[in-house]
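Here chain A shows up in two complexes: once beside chain B, once beside chain C.
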Partner chain A sequence: MKKLFYVLWVLVVHNFRQALREKNEFLLNLGFFVAAALIFPLSIGPEFELLTRIGAGLIWTLTLFASSLSLQRMFTADFEDGTLEALYFASYPLEAFVAAKIITHWILCSLPVLLLVPAVAVCLHLSIFQIGLLILSLSIGTPILSFIGAIAATLTLGIKSNSFLVPLLVLPLYIPVLIFGVNSVEAAFLGLSLKPYLFMLSGLFFLNLPLSILIGAFNLKLNLKSL
Partner chain B sequence: MIKAHSYLQPNHLLTHATRWRLWIGRLTLCLFAIGLYLAFIGSPPDYQQGETVRIMYVHVPCAWMAMGIYSFIAILSAIFLIWKYPLACILARSAAPLGALFTFLSLLTGALWGKPMWGTWWVWDARLTSVLILLFLYLGYLAISEAFEDTQTSLNAASVLAVVGFINVPIIKWSVVWWTTLHQPASITRIAAPAIHISMLIPLMAMALAFIGYFIWVLLLRVQIQLISAKTHALQLKLIHQPFKKTT
Partner chain C sequence: MSELTVHNLSCSRGGRVIFCKVNFSVHRGQILILNGKNGSGKSTLLRALAGLIDPVAGYIQWSVNFSFLFLDHKDTLKSQLTLLENLNFWNAIYDTSALQVEAALEIFALGHLKDLPVQGLSLGQRQRLNLCRLLLCPAKIWLLDEPKRSLDQHANRILDMLFERHQKNGGTIVIASPEDSLPLQKDSLNLDNYQLYNKEDT
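The block that comes next holds the complex of A and B.
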């Protein structure tokens, strides 16, 4: 068990080093999120009520897209330079590799966005209560996006031009997360109980956590065998 | 005596498929004739919906087929992934375009019915949205099953996607119960007696059977084409790799 955590830690450090070498990757997500959130009020009009009404859904949508932007590159570098192959033939647990990738992807692509959400939400005239709920639902929801993203990214690894396939595969699977995430904020805004939505969201979290790691590792083996 | 499982071998299927296809095709045409007659002429107009209820005789079987074919694909894909049974994957891949077609048709007929009845082509209702997601899942499955250079990897990847996407089917089925939005709940698959009059149930069932017949008919044809082209390919490879022989 201790050894497994050590492997996980080593892999996470490796992923971080790799990501920091190409900084623009996660800065792209952040830039996209901020730019899109600030351009929206310009296009639909700056009315207070309108922005308060749609703000939560807007931030959820943009977070979702920001998280999916870098999915295609989640595994490609390690696949192309042979790291994955080496790990596979050294009979390392690929599950640990997938888990490490998911952790890194969440920390690099979703956490910075999550930290910026309060600032953007204030610009969209959301109340403090709404912002709190938004952060709560996003912090349960964004890991699920990384889980599902890992499944799609590992699945399309061996395809030369996978840039359009990943969004096509990922969006249908993202929709339940989006619905429960946005509805929890909406329900509280309308004075209803937000518990069922948060429970469903947590349910999705604990369903996707093991499935994404197992299916991701299975997909990696599939891709490595076809080399 | 031929054992049942021998029919599951590709070669056996290939020798019998043409004969089966002929009979299933005839049966399907008969069922379509009966179903269409009953749906358009032989059944009464609805007391609320009027003549537009006749769209339902196409819409409902289409929606059933859309979900049924996806379940079919998902189950066969799971069989393929677990037992590496090649015919399961060929069947699943051949069924996918039909499933996508039925999903599209159910959305289209639903929109045509929705305009006079609900006053709008489209609403973001739970069932409509989840069927739209189903269409995207079909498209994703089709796209990924062609995407890899290596056919075997494509089929493996597509099978994984089909199994993962299966989570959507129960969501569609119970979406009208979980979220009480515009689309009406089921009126036939209830524990109590169906909430539909017998004069409408019979044409609906005839159409549903005709659609199933059509599905099996075209599926057999597609599988046959797949198997024959695989065989041709294998023979061509054999011919290329054969040592050169002089023919007199």
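The block that comes next holds the complex of A and C.
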């Protein structure tokens, strides 16, 4: 067990080093999120009530897009340069490989967005109360996006030039997460209980956590064979 | 006792039969060279031995557990990371002692470059860095696809020495290579003899 966490740690550190050396990857994600969020007040007008009403939904939607943009690159580099094969031959558990990739993806693509949500939310005229709930629901919801994304990214590894296939594939699967995430903020805003939504969101989290790791590793093995 | 038995093996790629009815066996401490023309199926056979391609007919039987080192044209190097970081990663994966990484770099004459990013290396240097994994990986069976590609004479000799040492330690090596210039005791299998059109002639 200790060994399993050690190999997971080694891979996460390795992935981070690579990502931090070429910063553009996650900075681009963040840039997209901020730029897109700030365009909305310009296009729909600066009316406070309207922005307060739709702000939470907007931020959730943009988080979905930001998370799905970088999914395609999640596994391709390691697949193409043979790292995946070499890990497989070293009897490295591919489940740990998928888990390490999910952790890296979440920390690089969702965590920076999460940290910038308060600043963007203020521009959309959300109250402090809404911002708090938004961050709460996003921190349960965004890992689920990475889980689902990992399944789609491993599934499409063998297909060349699939840059828009993965986002297209995952967006319909993101809908439940979006519904429960946005509704939890809305419910609290309307004075209803937000518990059922947060419970559903947590349920999705614990359902997708093992599924994504197992299915992801299975997909990787399939892709190794077909090469 | 033979470690690997290949019986009547036929493989196809992209719907075309690459070679058919290949028979051979490899015992412990043997070096087998697979040679033949380009496209005769050297790499395909190697990938089949590694279990990455399912044969169309025949079978491959390993007598020992599934543990080998497979090196082909994909060099598994991350160009943003330094030489040392790349090897340290594989060292951690293979679970060997940390001292060996620097020693491996010295053996392949890359010690003075260890803190530079891999992206500045030449093809031959990349290949040497990749071959350092031979020194780190504890696997007894090596499956190598053209290990001498873009190497200079010095690195060539080092590689021959590594092969010799591995053979003495009871390791098994299967090499796919178009030329056959290894100054060691070895066997070779020419895949040109197993092409489909040769079979039809006879």
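Methods note: the second predicted complex is superposed on the first by the 227 of 227 C-alpha atoms of A that agree within 3 Å, B and C clash if a C-alpha of one lies under 4 Å from a C-alpha of the other, contacts with A are read in each partner's own complex, and residues count from 1 in each chain.
The rule is short, and it goes like this: a residue touches a chain if its C-beta (ideal position, glycine included) is under 8 Å from a C-beta of that chain, and two chains touch if they have at least 3 such contacts.
All values derive from a computational prediction rather than experimental measurement.
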Touched partner set for A:Phe5, first chain B, second chain C, both or neither: neither
First, second, both or neither for A:Ile175, with chain B first and chain C second: first
Contacts of A:Ile215 with chain B and chain C, given as first, second, both or neither: first
Partner chain(s) touched by A:Asn223 [first = chain B, second = chain C, both, neither]: first
Which superposed partner A:Phe199 touches (first chain B, second chain C, both, neither): neither
Touching residues (chain side chain A, partner chain B) in the complex: 151, 155-156, 158-160, 162, 165, 168-169, 171-173, 175-176, 211, 215, 218-219, 222-223, 226
Sites on chain A touched by chain C in the complex: 6-7, 10, 14, 17-18, 21-22, 77, 80-83, 85-87, 89-92, 224-225, 227
Contact set on chain B toward chain A in their complex: 129, 133, 136-137, 139-140, 143-144, 147-150, 152-153, 156-157, 160-161, 164-165, 168, 171
Residue ranges of chain C in contact with chain A within the complex: 50, 52-54, 66-70, 72, 74-78, 80-81, 85, 89-90, 92-94, 117, 133, 137, 139
